[in-house]
Amino acid sequence: GDGQAGGNSTSDIIVASTTSTKDSGLFDVLLPAFEQAYPDYRVKVNAVGTGEALKLGEKCDADVVLVHSPEAEEKFVTDEFGTERREIMYNEFVIAGAGADPAGADTAPDASTAFSRIAQTRSGFISRGDESGTHKAEKKLWVKGGVLTPSGVWYRSTGQGMGETLRIADETRSYVLVDLGTWLSMKDSLSGGVIVLLEGDPDLFNQYGVIPVNPERCPAVNARGAAAFADWLASPEGQNIIGEYGQEQYGRALFTPNAAQ
Amino acid sequence: MFLDSIRQALGLLASAEVWSIILRSVEVSGTAVAVAAVIGIPLGVLIGLARFPGRGAVVAVINTGMALPPVVVGLIVFMILSRSGPLGSLQLLYTKQAMVLAQLVLAVPLVLGITVSGIGGIPREVLMQAKSLGAGRLQLALAALNEAKLTLVLAIIAGMGRIIAEVGAVMMVGGNFKGETQVMTTTILEEVRKGEYALGLALGIILLTIALAANAVMSRIQGGVMTR
Amino acid sequence: MSDNQVAQTNGAAASPLLKAEGLWHARGGRMVLDIRMIEFFPGETLCLMGRNGAGKSTLVSILNLLEKPSRGTVLYGGERVGPGSKAARRRMAGVFQQPHMFAGTVESNVAYGLRMRRVPAAEIERRVGAVLDDLGIEHIRNHDARSLSGGEAQRVALARAIVLKPEVLFLDEPAGNLDRLARQDLHRDLRRIAVQENTTVIYVTHSPEEARAVAGRIAILDGGRIRQIGRAREVFGSPADDLVARLLDRESADSKRLGHIGRKAV
Amino acid sequence: MFLDSIRQALGLLASAEVWSIILRSVEVSGTAVAVAAVIGIPLGVLIGLARFPGRGAVVAVINTGMALPPVVVGLIVFMILSRSGPLGSLQLLYTKQAMVLAQLVLAVPLVLGITVSGIGGIPREVLMQAKSLGAGRLQLALAALNEAKLTLVLAIIAGMGRIIAEVGAVMMVGGNFKGETQVMTTTILEEVRKGEYALGLALGIILLTIALAANAVMSRIQGGVMTR
Amino acid sequence: MSDNQVAQTNGAAASPLLKAEGLWHARGGRMVLDIRMIEFFPGETLCLMGRNGAGKSTLVSILNLLEKPSRGTVLYGGERVGPGSKAARRRMAGVFQQPHMFAGTVESNVAYGLRMRRVPAAEIERRVGAVLDDLGIEHIRNHDARSLSGGEAQRVALARAIVLKPEVLFLDEPAGNLDRLARQDLHRDLRRIAVQENTTVIYVTHSPEEARAVAGRIAILDGGRIRQIGRAREVFGSPADDLVARLLDRESADSKRLGHIGRKAV
């Protein structure tokens, strides 16, 4: 449709998701498969921050949201903006930083210890600071590491997306919390200022959930399409595609499917 | 590096998808600037010629409009077109029409401001001359337009320049949907975000080439007024 | 010249076509015009004369309904008119002291006023052709009007006004840049239209020679006020004072010896 | 909703943080536009007055520069200032200087383009008159400047409008560091990304209020040329 | 008038101050000037006359080094000069047919050229004051130069040029809008500076009366070529042809009967 005259037809499904999900390229394999299974629907992905994605759902401007911030998602459902939350997949965060590793994150037993070392040594850390899923995960790690509110010249908040924040960390040789998908897709375009120092800690678990927007609050919403999309993501077919994605390009899957069957 | 990008840009031109993105950019911004000209030029002539109390304030407001931040414009248009907004029932959000609307809001103050200033610069004698030969109100405005041709070309070029290069508004109300509302700037932003700098640069170069071509055509149409 | 004056004498007997009463006008905070009453009769040619800055062009601009006087009224055919009266203004035409050429050819400039009046194209074509020929500018018809010599531009400005066949024609020093031959032609044409078309001409000039050639009546302005007004013969014959006499070259050979005096008096 | 935002905006003004963001915006964009004026106006006058082969092409390139996409400008400046870039050793990335530089690149074509067109609109006779009275090259340029004053005010207003409302370039090279390189537009974008629409709107209103005030001051300084 | 002509006869004996050779100039693709040779001598006043569009203003603009001729050379004091010769141009000054007033007061307009030459402020003050007084525009000294009447503007333009005390003064129809008294004053002043300051004046006019008053020599241009050039007395005494005679008003009373002929010949 380039020639489409305007107006969203009832067959369109608007997905509000995060930039990291879209930029990872996952949708490029998911959508054709979904549209093949449901030829009546066409999916449009609006990639924004998790905060904005939920807001779009709240304002009825998305039919379904796919984000990664479990607590905010729960609240979204409790507030009756969404019908039900379903876990779809997870990937993990990694802690990246300069090879010199002044805080010794490399040798830390777990992520929260690495964070508290960074704070103690006042080593440069770049935070997204944008209330995204990643930012919320980061804040939890600070608390767990005994740092209530990180502040000082060493702690810089960008208010930007994952890609931008990672690039800033790369340029400034600072520590950063980054999701694996973004890291893998961007690492070749960085200047080599940061490497992965710590991964595999259960605290670095990054859960994604899908929530159809509540048609009772938003009558204009494409409820059937949203439900179909959410169901399909959780279906063996959807889960399979998610599990495959990235094997070819990066030698490992970017996301691990974990929908309850 | 830059040479590489240019080579890559040329390579990209072979892809149908890139062409459709370019065409969409031109279509959206071209429509917006055309509508902005149709609104802004007559209104600008009117304000430029009229003398009324508070005119200075109106001019100041117009000039201020040149500083409208695209994201804020995008946000406002978004709120209006949102399903929960006043015009939600029109279902225009995330369509090309929405993008045209947002860019229109950005282009109109620029076209208006440049037109008002151009018309204001016409010596009083010229308008008196037209009046003395029997020009009515509308005809006076046309005479003024004719005198300020050079300015009007500039107004349109500057307006087009502002919006075709703009990304904040168009991203917010268009959604950057692949194959539907993706334009050059939103694609550039996405590519750069992914770390595809070369691709971003290449698209930037294509955008500028198009602007240059449009600009050349426009000068030619105006009978070389820009080169006098 | 004599039938010309006859026509104007007749005109003066009729009721005035254009009239201004209690005119008082300020520009930039200074009074520039203060005229109790002035009348213009159908078919007459009145020459406005006076020193530089006397207010001649200002008076013309007010009578031509381009500007509203600070105080006072202008009557056209007995009706009150002003800058908003498009209909009345369309019965007039003016040549400014510094005419402005519109972008385009000579021809399109001359057609301007006719186009404004929505005259049919064929008639425009015919009338423009005739007036171009009449004013000896047929050969520059297609030239860019912005690249004309001073005198050529002045002729185009004249053509642009005359082609409208106005009831009142304002000419503000229209012959200032015309060569000798063009000036004589202009005077001949003006005499003709005054008689044939009964046009009222208000002619500003500094040249006594021109005034003699075209004027039925003469008004001398000074410092915004009328110093003398009357039939051309009378004004030339008995200038009211020394200034009027000198403006009309009526002073004898001793003028050159007087030197600065006239100037200092301003 | 809008009223709410205005109330919120006024509330925000009480916060020292918001003030420091506002001041930083004005500082960065003010510096950029001042430098752009210093570069663009003399150069614009030069190009406006000169007659040389290829002048039309130069003018077309300048006008095209008005369509430079901020993200691309940001990307290029980023690549130059990046550690691995040619000027990496200066360590300017993510500083206010980097933001000024990027905005400069955006403002210069606009100031240049409007100046060239304004100077080009001065009747040839005026310049001949100055020349005939003995004006040298520089003095001729000054005479031209004096004639085109109105245009220059517009050039500066439009330049300032373009960059103070711009977010793409300043975000990329400034990094939007809280308390360091955060300006109004980057803050607006950040707030909108968080779904804080009201705050985004409120900041937008503050930005426009400042533009209005700056505009009023500028008109006043120029002795009311804008209201003639 | 007689000592005036004596000075100019002397001038003509010296070597030329300004000279143009093989001038050929086209504008808008049309030839507008074609002059084998023309010389101007120190202290002489030469009147340029000719029909509208004859090329007078174009010639002045080339001699004033504002424009490069398509072909040919201009020599100043024997040296080749052109639009780039600032030094030579600063020894000249010109009043255009349509003078342009710079934004600012009358005083600042008159001071313009002196400021360009970096004359000390005190001297500017003195010289401007003197020339304003001389041209009878002292009373409008602080007026906005853009709000002047036609004649006032022309006087300011004259003042602006004269105050520079140039070696060569170009006056392109400088008296076109001047009132009778101002015109006489101008002629007196010109005769004075020609003698006292040995200024070379190139004076364009359509008025035989003016030419008689100021000219030492007269050159008649037609269609870009020199039709006649010589001492004023000789040209007035024996016009080369009918056109020259008519431009100089030398035709007798039958001129009016000749009607259109002169015009059609152009």
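Residue numbering begins at 1 within each chain, and the chains themselves are lettered A, B, C, D and E in the order written.
We adopt the following convention: a residue touches a chain if its C-beta (ideal position, glycine included) is under 8 Å from a C-beta of that chain, and two chains touch if they have at least 3 such contacts.
All values reported here derive from a predicted model rather than from experimental measurement.
Q: Hop across touching chains from chain A and tell me the fewest hops that reach chain B.
A: Graph distance in the chain contact network comes out at 1.
Q: Please identify which chain has its centre, taken as the mean of its CA atoms, farthest from the centre of chain D.
A: Greatest centre separation from chain D goes to chain C.
Q: Which two chains have the greatest number of C-beta pairs in contact?
A: More C-beta pairs are in contact between B-D than between any other chains.
Q: Roughly how far is chain C from chain D, centre to centre by C-alpha average, rounded to an integer in Å?
A: 51
Q: Measure off the straight-line distance from the CA centroid of chain A to the CA centroid of chain C, and report it in whole Å.
A: Here chain A and chain C have centroids separated by 82 Å.
Q: Could you state the distance in Å from the CA-based centre of chain B to that of chain D?
A: Each chain's C-alpha centroid was found; their separation is 17 Å.
Q: Mind pulling the chain B residues that touch 2 or more other chains?
A: Residue numbers touching two or more other chains: 197.
Q: Could you list the positions in chain E whose residues touch two or more of the other chains?
A: Answer for chain E, listing residues that touch two or more other chains: 98.
Q: By the touch rule stated above, which residues of chain A touch at least two different other chains?
A: Within chain A, residues 161, 164 contact more than one other chain.
Q: Any two chains that touch count here, so list every such pair.
A: Chain pairs that touch: A-B, A-D, B-C, B-D, C-E, D-E.
Q: Can you check the complex and tell me which residues of chain A touch chain B?
A: Residues of chain A touching chain B: 1-2, 4, 6-8, 14, 19, 22-23, 44-47, 59-61, 161, 163-164, 167, 185-186, 188-190, 218, 220-221.
Q: Using the touch definition up top, name the residues of chain B that touch chain C in the complex.
A: Interface residues on chain B, with respect to chain C: 123, 125-126, 128-136, 139, 143, 146-147, 149.
Q: If we count contacts the way the header does, which residues on chain B are in touch with chain D in the complex?
A: Result: residues 1, 55-56, 59-61, 63-64, 66-72, 75-76, 79, 110, 113-114, 117, 120-121, 150-151, 154, 157-158, 160-162, 164-168, 172, 184-185, 188-189, 192, 197, 200-201, 203-204, 207-208, 211-212, 215-216, 219, 224, 226-228 of chain B touch chain D.
Q: Once bound in the complex, which stretches of chain D touch chain A?
A: Per the touch definition, chain D meets chain A at residues 82-84, 93-94, 171-172, 175-178, 180, 182, 186-187, 189-190, 192-197.
Q: If we count contacts the way the header does, which residues on chain C are in touch with chain B in the complex?
A: Answer in residue numbers: 61, 64, 66, 86, 89-90, 92-94, 96, 98-100, 102-103, 112-113, 116-117, 160-161, 164, 170.
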